[in-house]
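In what comes next, chain A is part of two complexes: it sits with chain B in the first one and with chain C in the second one.
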Partner chain A sequence: MVDTGAASLTASEKAGLDKAGSDRIGVTRAWVPWAWSGFLIAMLAFLVLYPTSMLLIGALTTTNPVVEGYSLADISIGNFLAVVMNPNVAAALGNALIACAGGTAVAVAIGLAFAWVVVRTNTPCKGLIASAGMLPLFVPPLVAGVAWSILGSPKTGLLNLLLNKAGIPFRFDLYSMPGIIFVFGIYYAPYVYMFTAAALRNMDPALEEAAEISGASATRTMATVTFPLIMPAILSGMLLSFVVMLGIYGIPAVLGAPANISVLTTYIFALTAWSPPRYNTAAAVAVILMIVTGVLVYLQQKIVSGRSYTTVAGKAFRPRPLNLGKWRFLTLGLAILYLFVVVVLPTIALFIAAFRKFLFIKDIPALFEAKQYGWQHFIKMFDNPLTIASIINSIKVGIITAIVGGLLSFAIGYTITRTRAPGRRMIDVITTIPVAIPGLVIGVAYLWAWIGLPGGLYGTLWILALAFVARFIPDTVKALSTSLLQIHRELEEAAWICGRGTLSTIASIVLPLARPGVVAAMTLLFILSMRELGSSLFLYSSGTMVMAVQLLGYYEGGNIGITAAFSLVQMVLLGVLISFTNWLSRPGRGSGAIKPDIAPTGVVRSG
Partner chain B sequence: MYSPKITRRQALSGMAATGVFSQYGPARAAKPYDPPGALLDAAKKDGQLILYTAAFPEVMQDVISEFNKRFPFIRVNMVRASGGQLITRVQSEAASGKLEADVLDHSDRGQTKAIEDLFADYAPPNAGDYMESALVSPKLWPTITPAWSIAWNPEIVKDPPRSWAALCDPKYTGQIGQVIGPSGGTTWTRVMFERQVLGEDYWARQAAVKPKLFPSGAPLSDAVVRGEIGIAPLIFNIVYPKKQAGAPIDAVYPSDGVPISPYGSGMMKAAKHKAAAQLWLDWCLSDEGQIQSIRDQGNLTALKTPPIAPVGFDPARDRLWTPDFKQFQSLHDAWLEDWNKVYGYRQ
Partner chain C sequence: MSSELRVEQLRKVFTTTTAQGSALKAAVDDVSFTIAAGEIVVLLGPSGCGKTTTLRCVAGLEHPTSGKIVIGGTVYTDPQAGVLVPPRNRNLGMVFQSYAVWPHMTVRQNVAYPLKSRGVKGAAQDNAVRDALDLVELSAYADRPVTQLSGGQMQRVALARSMVYQPQILLLDEPLSNLDAQLRLRLRDDLRRIIKRVGLTALYVTHDQTEAVVLGDRLGVMRDGKLLQLDTPSAIYNSPADLFVAGFTGATNVIEGRLVSRDGAFGVVAVASGEHVMARMGHDIAPGTPVRVALRPDNVALNPAGEGRNRFLGGVTSRHYQGTQTVYQVSVLGTAIEALEVGSAARYDENSQVTVGLPAEACWVYPADR
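Moving on, here comes the complex of A and B:
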């Protein structure tokens, strides 16, 4: 995945980079690069390969490898055969592919339009639209599912109550495949936006101008020049959003269950929740999901590395925004409508659920009965000592994850993109593996892999942090690699010529210049670790309850009021964090944060 | 409509024993719980215990608060997970010598029985007060005894069913929600009761009214409160707190039998806070603890005679049903496979 940026360099830049890197290694002791690569591979083996191998062993046996142990004699493909021949797995796979393909189509339509409006038109308030449009990325999928079930349930949904009040016979039914597709589409449109906005921003407008001079209309220019030019970015965003949707549990769990629509993730969760649980079968299903995801990630890499930078030229340019005239207010209206649907409506639903005593709303007048509202869910939530403990623990583990993960990702990103260290391609490949493993299953793999470690790691916040670092390492390495590739090689070369060593050059040149990317990657890690459920479920202990597990506990406890209240608390915390990092990134502060033009590098995923 | 085929052996075993119907004995005064001084001192020294539970965290937090009113010097640290996940965690931790739990609370006695060797020898002071049908091992005790009821939303259902038989009435078609059979030990108890007591064809008759299937009772209870579902068989302890808080939900114990699913809880052999764990279990199983469970949580009790009258339960009319434990284990897989087919649940 990190070849993304490398491909953006011109051939001469690449040659220069390789030569400089080669020269650099030449002056370093010969064993140092080997030792360094060995160290990184050992770290990745512990964090990624070992748990993954436990997952494969689980899929190939019928026992808990920690309890009963395993030997080659136990290995069989029985689980796989059972899974492959089970028509319910085929149905879940079919549903997953339909939901993700449909969701991707919606995401592309919205994301592309959004990117075009923000980057290539003179629509007013573009900055605000761009920032607000990213918000869905930070809403946990379970929360999104709950919010949309409150809005779009066929029987009791608030939207349907409004339609009923207005005398309109049409009813929304979010408990359906189209419902899942719609919610997938609107929540993952920012992925497509991130990729296509970056491509549109970097595109030389000369070809568009040529088309216009030749008499092509704006629409024709867009259809025949603009979009084909950024097609690699569109395909990349499509594949990424498809892969991410494939691993999401919360949305299909809430919206699919009432309609008996099972997808692969909900099927895996059911396997782990049944009594007795079927982890080995779940592991086998997860391996199938990994294969599908792996193929798609490979395709994404091929596309990105093959074509995505053909629009980047060597000369400076500034894309000219299209003057839409009066139509700019239409695009503004559409953008506001999108934000209203994606941000405002679900937030209103969560507020109603969080402050209303019970979510039985007979009709619209009943919605406004003041006596039905109060702070009771918040009071009960904060009466529970685990609520505060989970918030504190999540913040602690988020900080540890951000620091440890940030350091490791920087080390890996630097090694892959700016050195010719041996085995760097292998490091790159291993780093990508966690993208393909569904979070619901990786949790038990971490437990199986790490519970036997000597020392007091198990039961501490550190084991959670390690799991989060491992799980999100592809995201952060990718974020940092792109940032690192933006720093011209000659700056390092100048430092070397001045007699600086490698570490000194990194500290004085690379790190300060890459600081925006580092801060963005660490912020991303913090946010992801606050949301991560799958790997927390098996690793938290009596003293390390975290927010995602507590949220699931409230949801599974059937108390939608407290679930909504806790979701709001989580969203406020994340909002404060994002605001803080945005403040850090303001001009003059010399740092960076999650901004729409940096975000393409991050992959916000978790079930 | 699929109709379950049972083997001759299953039929014979089904006829041999089909669970135990029982009724509570005459009312009696509750006995106070006074722990021995030595236990109290040792528990104070422990200062804490670690509780692994499959019960809902909110419910257990209330139990912990009540316990702490009596014994404020014990900090109860809770780890909550769904039944299957909890067992996997316990097994993995125990195999690695890192079992953290002092007490394990679990709704599926079949699963705790399967890991019986991880439990310490333990019996509460009032062991003789408990129904024999609720005990499956000398190490496992029914700290909590949930019972099945039929719940409905009174805002949208004006003529609710009051028996299991009524849940098959075609007039309720499309209004009923059901928890899936493989959900856990409590649901498996209900599923056994339906087939063994209400008839071999009960599932088929009930499935004919097209119930909506839910993964567990908690989201189903929420769906009833929201009006998404009109009627649902639910564990009374999920309904009761909501009803007490004023939610539009009501429930009755069915007139044709009340399946109960006593927990299989115990002290772990590897417990690091044995005295605190014993104090917790003794209190939970004492009349005092059971009163709290009945009065505040809406549970029944596996005591032969309840120390207070359970809410909504008529001891003269309502009959408790406990499954035969051997069948609870032996029929599990085959019958649930049948259930899945009858109800069209994909597994």
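Moving on, here comes the complex of A and C:
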């Protein structure tokens, strides 16, 4: 499908190019841009519009697509409303909103404090703290959930074991709403941090100095100048982290299930796992999730596109860090405490669980008995042929996603930013639609789109890859557009003046300059698809098991040792890939080429 | 209300960290000056010479390494004695280079802010705000959000905000540098009128010499953290203290030579071609020393009428017609200098022979090693 499309572009554009090239005064054929836009819109319709429409149909009908095929016979809003009225759905929605609101509140408290420490104080090693602070973004939510269940399960959690040995009667219970809120909050604080730190950095320090000169005290300055100015950024980071939490499956699945707390995402998956599967109800709940997400994303975009106070004067500011005196060691200590809780503790927990024969630990000395440790979980894990198969499948899906997604994103990005092709506004709009669709909903939509078509994509690796392309296309197109916008128009025009045609200019000027951005976008797509759980849940089959789902399988199978071992394997794989991306975009590489800055933007929505 | 400002031996050293490690750099180096109450002093110098740092030290936003800042007889900064009054207690007004008007407030809220900080309420506040806005002619805009204003209007808001509480001293950091050329000319005149009407003591910082001349009662020329000369504009232009001040204020012709003799205020300088040039002596220089003679292109006379001293034979090597004036490259005295003639008609062709007159009182002799 994709290949034929790309070939048709090459053929048609080449035709125009050859003509212009051969007789110099040749007229560009008027139908070429139309054909090109038509091709892009058709691709997007196939990837985004068709599955979303099928999802809506699923939500409005009651026929089971597997048994009866698609039918519009009983289409009615009543079917959807019946689901909305269901008390279980209401409970899941309520729980989701409570968990995300609580998580967001924790994330704002931590993220704001972190931003202030890093940008506005002379805390030692703050550069290091800032980069370490981004690490939680790269931890897959399921891994985070598993690690915290090892640490904080009420009976066997390692933290509770320590408390017990220390004779403290208090126990942590992560299998609870506060537990979910806590884990959400600490893992998604970097979102709030990214937004507020950028706003603080871009704010003219003279705005605060002017308040000081006017006679305002430090607290008054903060309340009347600093806060109002960074408020849009805080709100924006809040809404974004709320939306991401709303779409997360791994954390509530692990921490909520034992306490019977279901949120929208876990409820949707449970519906499709019942027998017979409730595909229509799942579609309806997915639509609810999509509506809530859509409203929040709309609000966030409004705030972002509204007046941005922080860029009033367009110059680079010299930061004016507050001298904290000896208090700077307190701020350093707090930052280290956060990093310890969010990075070090879970890692230790995973290591212990992965290498210990039995997670039951009698006392503290038993924790250090060497004979208790070994590779047995890893050996058992690799004895299961599904493990290797899932890794290979994930790599295959990652490669397809990276290539298809990278090419399509470049084509769309170039068309939107550089051409006057007809319908490019429409292309732009369709491309941004998936921003408001959580991964899990994309999964349900693709399920609906293909499960009723025997011999179609369902059950192949392609359905996973295409769902991932659809899911991440807004991010990659945005990153590539930014990268393309940095290439001055005149560089391209100069090549045209030199007698080059459009394709030749793209190949000789635009691609080489944008190459780091394109490569980084593809690597990022690869990484994101390797760790994507939400949409995979509904699209894998026994032959196309992928890593994230296999990990969930191990967890639900109850073997915590293998689960931890596989988590570590995945973290190492991701770590290697991320270092590779950083290496690709390291400064000084590819002289003159546009430096990509997309790693954080891409991870932002994926959770 | 306005007070005298005394800056004594101000020094500010920054630690700059570069790839090679950290280095110490004096941004302000032993600067002393006094501004009388109600006087406007302009600090002039190229970018990076330490003007902003000096201003920020006076404001209390920067902590100097050493030195003293005394306003109206009260010591506000004296690191040796551990005195460092925070900016909010200095009762100063400051206009920032970026204006720093608060984008989330209206014009009125911006101007009222310092009054609120001072607990001025009700009718007193309203009156003060109205007067300040009248002064900068922005009364009609009082309730607009500042983001809807033009650059020139924002600048006026910043000015009104800095004057509304009748500060002891007004500090202005290149307030016109972000405006377009036309507006800059107009506001430059307005600014002086407004400050003088209120009778404020003002310290104004700029890199633009014409701005400095028009605005200042006195100018101080700075370079590399040092204050080279502080004097009236006419003194700076007509008897620059050294070669840098001369060059910075437009005396771009420099003729190398050796001092032969001196006679009171004038000296005789032997130049490369062996001819002798008479020029004013600002410094005490012993005969025989290598010197440089500086003069402005507009003081070079081509084919001057009548008889006189300092007349030399030269040739026009090139001519640059600029509409209302013409700049000639003239080869004379074994070197090349520029001559500027006002008028829309260029009088000389390239390669024509001319007599070059260098008025002795417009030529200044400086030691060559500085």
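One rule holds for everything that comes next: the second predicted complex is superposed on the first by the 421 of 607 C-alpha atoms of A that agree within 3 Å, B and C clash if a C-alpha of one lies under 4 Å from a C-alpha of the other, contacts with A are read in each partner's own complex, and residues count from 1 in each chain.
In the analysis below, contacts are C-beta pairs under 8 Å (C-beta built on N, C-alpha and C of every residue); 3 or more make two chains touch, one makes a residue touch a chain.
Since the structure is predicted, the reported quantities are computational estimates derived from the model, not experimental observations.
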Touch check for A:487: first (chain B), second (chain C), both, or neither?
-> neither
In the overlay, answer first, second, both or neither for which of chain B and chain C A:225 touches.
-> second
Just chain B (first), just chain C (second), both, or neither: which does A:458 touch?
-> first
Superposed model, chain A: greater residue contact from chain B or chain C = B
Figure out whether A:91 sits in contact with chain B (first) or chain C (second), or with both, or with neither.
-> first
With the two structures laid over each other on chain A, which partner does A:444 touch: chain B (first), chain C (second), both, or neither?
-> first
Please give the residue numbers of chain A that touch chain C in the complex, ascending.
-> 204, 206-207, 209-217, 220, 224-225, 228-229, 307, 309, 312-313, 315
Name, in rising order, each residue of chain C that touches chain A in their complex.
-> 59, 61, 86-94, 96-104, 113-114, 117-118, 147, 158, 161-162, 165, 178
Touching chain A in the complex: which residues of chain B?
-> 50-51, 56-59, 61, 77-85, 87-89, 91-96, 98, 100, 108, 111, 153, 155, 182-185, 188, 212-223, 225-228, 238, 242, 245-248, 344, 346-347
Which residues of chain A touch chain B in the complex?
-> 64, 66-67, 88, 91-92, 153, 155-156, 257-258, 260, 262, 267, 270, 272-277, 279, 357-360, 362, 380, 384-386, 444, 447-448, 451-452, 458-459, 537-538, 540-543, 550, 553-560, 562
